[in-house]
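Shared between the two complexes below is chain A, which has chain B as its partner in the first and chain C in the second.
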Partner chain A sequence: MRKFLCAVILLVLCASGIAESPKEVISKTVLLEDSEEQAKRVGALSGANPEELIALLNKWKEGGIFIVENADGTKVAVTLDEDKDAEDKQTARRLDTGAVFGRVVAADITTAETDSTLRLAMKSVLDLAELSSPDLKRRLQAIETMGSEQDPERLPALLAWQAKETHSRAKRAIQEAIALIQLKDESDDVKIAACKTLGELGSIPSQDFLKTTAKEANEAGKAALVTAANGALKDIAGHVTFVNTAGTAFRGLSLGSILLVVAIGLAITFGLMGVINMAHGEMIAIGAYTTYVVQCVFGPGLELSPFGINIKLPGMNATDWLYDSYFIIALPLSFLAAALGGLALERGIIRFLYRRPLESLLATWGVSLVLQQLFRLTFGANNVQVSSPSWLSGNWTVNDVLFGWNRVFVIVFAIAIVWGVTMLLKKTPLGLLIRAVMQNRQMAACMGVRTERVNMLTFALGSGLAGLAGAFISQIGNVGPSLGQLYIVDSFMTVVVGGVGNIIGTVISALGIGLLDQSLQQILGNPVLGKILVLAGIILFLQWKPAGLFVTKSRSLES
Partner chain B sequence: MNKRTKIELAIVAVIAVILIFVLPALNASGAVSNFTINVWGKYLCYAILAISVDLLWGYTGLLSLGQALFFALGGYMMGMHLMRMIGDLGQYKKPIPDFLVFLGWEQLPSFWVPFSSFAFSMLMVIVLPAIVATAFGYLAFRSRIKGVYFSILTQALTYGAALMFFRNDMLLGGNNGFTDFKFLLGADVRDAGTQRGLFIASAIVLIAVYGFCRWLTTTKFGLVQRAVRDSETRVLFSGYAAANYKLFVFVVCSVIAGIAGALYVPQVGIINPSEMQPDKSLEIIVWVAVGGRGTLLGPVIGAVAINALKSWATRAYPDLWLIILGGLFILVVLFMPKGIVGLPAQIRGFFAKRKSTETPAAAQPSPTAP
Partner chain C sequence: MINKLTKSLGALALAAGISTIAPQGANAQDTVKVGVLHSLSGPMAISETSLRDVLLFTFDEINAEGGVAGKKIEPVIVDGASNWPLFAEKAKQLLEQDKCAVVFGCWTSVSRKSVLPVFEKNNGLLFYPVQYEGEEESKNVFYTAEAVNQQATPSIDYLLAQGKKKFYLLGSDYVYPQTTNLVLLEYLLSKGVPLENIGGGFKKDESGKIISAGKYTPFGHTDYQQIIAEIKQFSAGGKACVVSTLNGDTNVPFFKEYAAAGLTAEKCPVVSFSISEDEFRALPAKQLVGQLGCWTYFQSIKTPANKKFVDDFQGWLKATTVDGVKKEGRVTCSPMVLSYNGVYLWKAAVEKAGSFEVDKVREALQAGISFDGPGGKVTSQKNMHLTKNVFIGETKADGQFKILKEYKNVFGEPWLKGTFKPKTAAK
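What follows is the complex of A and B.
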């Protein structure tokens, strides 16, 4: 019976021990004299709420916990508030309850000391606490730091956490960190195994450590280890090549998508209508500036003074999600603004020049000059700042390859636009009319198609798509008065290579040019040289296929 | 020779006398300022360039956006010679151009060496544009790239070349190009006498180019050239190798543009890659369109008029200059398809039409095919 009672009491004690908050445990532990016992108790704390634990232990380590005596001689652990008065007195609060103890002078009371045994215990608890942080980023960083410090004392904490970790990225990081620490192990076998793991993981940051290991092993004459380390380095180099290739492919794809979004509007106006719109670039700029204006309206407002006229747009001063949603509003508005611009251009100028394509090139160049200068006068000669909404500014890292959200978004968006345009051309009455007019204007007119109206709508559509492209470019590049000029040559090239009047051709040529451009950049290490080679490549390509990738077959002589 | 041609030749003769003899004499006596001579020398180079564009566009129907490239190439060849003539008077007091010293060169790169010779440089002014034009033209015309496609391709060529010249490792001065010229044929470039000499040279070349083009367009070759412009397919069916005609004109025009560039550089004292950007080519086309294409006097008038307007407007309304230029261009393309030279005929036609129909509604000029 006595035994049973004892067991019950022990159990209760244990239970209460577990139920005690870290604060209470520490406020008791601080008072103990024996550092071994203190270390034991601190060690037992692991598993408690990591945030609180980290804060408390760090405070203790840095000498932020003090010991004061009650009137009856019992000791109490306190912390001090930051409210020093003229007599250097501060408010002391009990660590366990938070109740005010009284006002004391910091210099007069005892600081809770820590010795090496205790600090070691604290460190392992802290490590584990960092590892168990619910925030993935913090966890990853803790793991990474531990790996790069190669401190064998941290191995137990990592091993302990490895079993509990569930997130795949963190798991991989732990494996990497453990292997890195094991590189410092006494036994060669462990080292060789660690090398192998690192090689298999393709761990890019471990290259320097592996090189050191190989060098040391070489000096010590351990052939097996040298082979293992070099093998791992080779594996990693292979992985680096893969990462670079994948990164290039991704960048090429996203560049191709931008080209595609820019060129698809052109493919419609130039390809389907045969109109050379040199002001297409400025339609892009209209879209980009519309995005800017919408952003300013959601933010602090905007003041413009073109030609001495003051225009003041009130701002909504929106924050958080409301501000982030400006882009959703900006997309349709960019389309509309550019489409209206295109409509005006078609009605005002281009409709007089359908029979003179070369002259439409010249007149629209005049328009482009005028528009550029208008942008400059309205928004200033410098680039304006368009900030990405937060949901577009992050990135994913998959297997060390970085995928920026904005670029992923552009790719997805390009797919959506191509799909939309194809559907519009193939499945809607307007699409039917557009194709009819494109194939044979006179015949279509004879059949009662109002070709004038179709021209107008087609041109507005093409320009609107350019405006959408502008909204995207504002998320990726600079927005300035000469934004359009950057893309105009490239987008004409894209359409010509793809074959005029063919959407699929434009898609293939845009992606091809984008990939080629980025690959050449990667290989030559020089963006300008890559671009020049791409231009030369296009000229040579047209030798092989003068009418582009996909030729619209026609019996007309002057096609 | 009909009456019109006679009148035109008489006008040209008068202009030639004024440019080659009267203006330089007035300048030497102090009646015309050095600044005026310098500015007009520049206009004359532009006029030569404009004639070359017109020979391509107005007479052969090839709207090339690459003429600025050939102009700049000629300019660069001249610039290289002028850079060599600086000798060791540069900032670094080294026998090689400053920017090469800056890039860490101790000796002259081998391709720079022959440019010490004036004769070689002048040869290159002609040969280099011709080589580039032959290579590009052969490729383009062989695969029957024409119309708008030709324009876009020449634009790409110019764009690519500009990108290349912007690079420092081309060893052609990168962004800054060449400047700070000192001597040309032993004379100080900035000296009023040298500038007058360059002005006279530009005037002589302009008149010579005009004469050459006038002669070329009256030959059988000129007839085929215009036939290609009006209907290339018919020319092909008649058994002419249209591509060869086009290639020849393209090369000739590139050489003319190169010579204009070579005369231009010592007069303005600088050449850099911004001279060969696609925009510049389009600007030349504006001159020709405004002056009147398909005539030989038109481009000259257009080049001088627009540049004079530019000099004035960039000072008087610096913000509005581009709007003026763009607007002018739109108006000319829409309402004056024959340019300034065609204006009297257009006005006559307008009144004649008005008289015959009595309907003012038909006031708009009818669009004519290019």
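What follows is the complex of A and C.
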């Protein structure tokens, strides 16, 4: 234990620049014969530059430091460069100065050995070095590992660091780790105090350790400790319930947002226009594939050969933030691509079928099959890989509740889309025309509205929104030719439950289905059963309210 | 209209007839018919066409060196179309109509179960190359596949040796994951892992006997948020890992969510039994780096035999004129090598027995035949399985595996359920 305190003191001393550099110390220490002395010197090591120290010690541990003899018989510590030639010779460099020593064969020279005493000393130095790492993530990792290993020898290092740590999350982690180690303490009082701390912290990782402690205390007949451990477990269980409830609510919201994003396009083409558009899923897929193409253009480029025609898209080979920004570009392009697809579909087929809903169902289903085959011919039958930009693939953890960035993004994204669509329909001249045509096509036409044009634009808008959904879906799931099939049922379900012809209904039904699905999954612990119950519930609901949640009141005679 | 339809149907039937008759025109004396029964269309085609390709490559290789017992192999390729009853029909066609001496085929367990009665009735011989759940032994099937003790239990051994204490079982909902996880449950208990350290949940019957262990999701499942949250809590105390029998493209949403939740291979590694190099091509490699796999072959094995196999196969791919063979970005993986080994074992058995008759070939196989394949030596066993080497590998960003551990000559044992007794000492 004293060794650690020494190390800590030396750490402070070192920062003020008194000791030699770790490189020099290690080059000398390596040459010593006595391993106890070596351990002592290594134990005293520290540096203003922990990265360098960690690298050096690891190199030693893994046998990357060698000992060679000078012409006069004195020994020198060297490292080898990775420049093996045909005779297996490598360049050796002096560890302390970095000067070239000469060319040697690795197999012929002595490796600087380590034994268990030395490795133990190295480990404690490495721990401390990790603790002082400027990178919060690594610091947390080191603290967590120390806690879960419950090694009392590491307690002094943690206690010493506790006073210096400034970041609140790391502080909490240290408190947790110290309490965990104290669970192994000799004294029951310390253990009971540790249990209390862990309970107050609501520390989820400590559950297993507390259970062990309770079991051992029970066997030893220590009632007070058993009570303390069980009390802590109860506190933690309460915290877990909170985390699960909050997590379920968030997950439900995010699932609801996904449903909303995929269904809102359909709420327009099917809900407002009354076209049973079975190719809606393929519009989603167009958006997803567009995202894929944009990603490839930002990355290494793309070669496609549909129908034997070779198309070569050059890549930008962008990196870092530029590459990560591909998704921002992909969003509007996905919208445009799917909107153009929708436009072509409307002009080519649907405009002839406005009065024949059943035929439009069959025709669009046919179109969906054709499009799927088109994807297969263009992009291959296998799924394509869309990697998430780094700003979409992390998470915020607040009080152990996990908020994935991609999920937060979809919620914001859904809000933005709903807001945008509402504004478009309510505040713009186009919106007014759309609403007029959807309420009564003939009458609108009589009033001089160019219904053909409005139909076309509305359908393109609905399809474009599906494309946006596709761009997002590429971030969380598979992108393949049959992608659309996965979402078509969910989309129709959401729109029908919400009430056809009503955007607000779609919003409420999407969020409701999402929350219900996630809650049932949490309660039943079974992903399939939850979904079955939701579907059964929806069937019953539609028996009760066939027109969905919100019935559009209309004076037109056909309804 | 109907007239037209029957006409075209007739023409179709005629064409089909011709296509099966035509090869017989070639010198029937010097050839032996060998069936290839894989899905070349439908959802399984992605995996199974690779096996068709490697089989054709192997036939070409053998034919170039004089064939089997002096006869050239004449492949009869049929398409199971990812349709299980169709598999049985096609098997019937191969055995009764084409009189194939042997059939190489099937991927999913359900397709194997579907063709099994056909092979038993006609006394045919099927070589089955894909890891499976065991609990089956037929005299008409030779399982070159990995049995549970050649993939699942060695992985557990490895993870235990790495100091893992908690195991979360996750899989796709069908026979292979369900059966494997039940065996694994028994195995973990026998290794002293307490029940509360096995995650994923259990289903019990009225008597309290566990009939299903682990968490299951259907094919095409996309929402792994809740399961990931559960794994996150499960692994919070450290020393945990996930044993995954998730199949196909559900791995993509699973691993994307896994990465987004901040889980890493260092913290809570996932060992997947259904991801080989071939499946890896369709997965986001970056997010899978460091995860574990266990097979009896990896492309990264550094032996002259493997190098030759990989080079020859790539050379064949470039040269081949067979329709529908994808030439770019191809890899080799365990099911492919086990198909390859199967053909050579059958050749050796035929030559040893001096006959193409199924009973004699089987006898030769059961007596024990060894073949030095790309993954090392394999030896046929009396129970129609293979003794082979097992490798544990770690996935790399380039889609290959770095080999971490090798278990030599593991005996293939199909009957595992009930063989592992819980440790009495474990409480």
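Operating definition for what follows: the second predicted complex is superposed on the first by the 425 of 559 C-alpha atoms of A that agree within 3 Å, B and C clash if a C-alpha of one lies under 4 Å from a C-alpha of the other, contacts with A are read in each partner's own complex, and residues count from 1 in each chain.
Quick note on the criterion: contacts are C-beta pairs under 8 Å (C-beta built on N, C-alpha and C of every residue); 3 or more make two chains touch, one makes a residue touch a chain.
Since the structure is predicted, the reported quantities are computational estimates derived from the model, not experimental observations.
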| item | value |
| --- | --- |
| Which superposed partner A:Gln373 touches (first chain B, second chain C, both, neither) | first |
| Partner chain(s) touched by A:Thr291 [first = chain B, second = chain C, both, neither] | neither |
| First (chain B), second (chain C), both or neither touched by A:Val240 | second |
| Contacts of A:Val528 with chain B and chain C, given as first, second, both or neither | both |
| Which superposed partner A:Gln90 touches (first chain B, second chain C, both, neither) | neither |
| First, second, both or neither for A:Leu542, with chain B first and chain C second | first |
| Chain B versus chain C as contact partner of A:Leu353, first or second or both or neither | first |
| Touching both chain C and chain B, counted on chain A across the two superposed complexes | 528 |
| In the complex, chain A residues that touch chain B | 276, 278, 349, 352-353, 355-359, 361-363, 365-370, 372-374, 376-377, 485, 489, 492-493, 496, 528-529, 531-532, 535-536, 538-540, 542-543, 546, 557-558 |
| Interface residues, chain A side, partner chain C - complex | 144-145, 148, 204-209, 211, 240, 243-244, 247-248, 251, 254-255, 381-383, 385, 387-388, 393-395, 397, 402, 404-407, 475-478, 480, 486, 517-518, 521-522, 525-528 |
| For the chain C and chain A complex, residues of the former touching the latter | 45-46, 166, 173, 196, 201, 215-218, 220-223, 225-227, 229, 232-233, 236-239, 249, 252-253, 256-257, 259-262, 281-287 |
| Chain B - residues contacting chain A, complex | 63, 136, 139-140, 142-145, 147-149, 151-153, 155-157, 159-160, 163-164, 166-167, 233, 278-279, 282, 285-286, 289, 319-323, 325-330, 333-334, 337, 367, 369-370 |
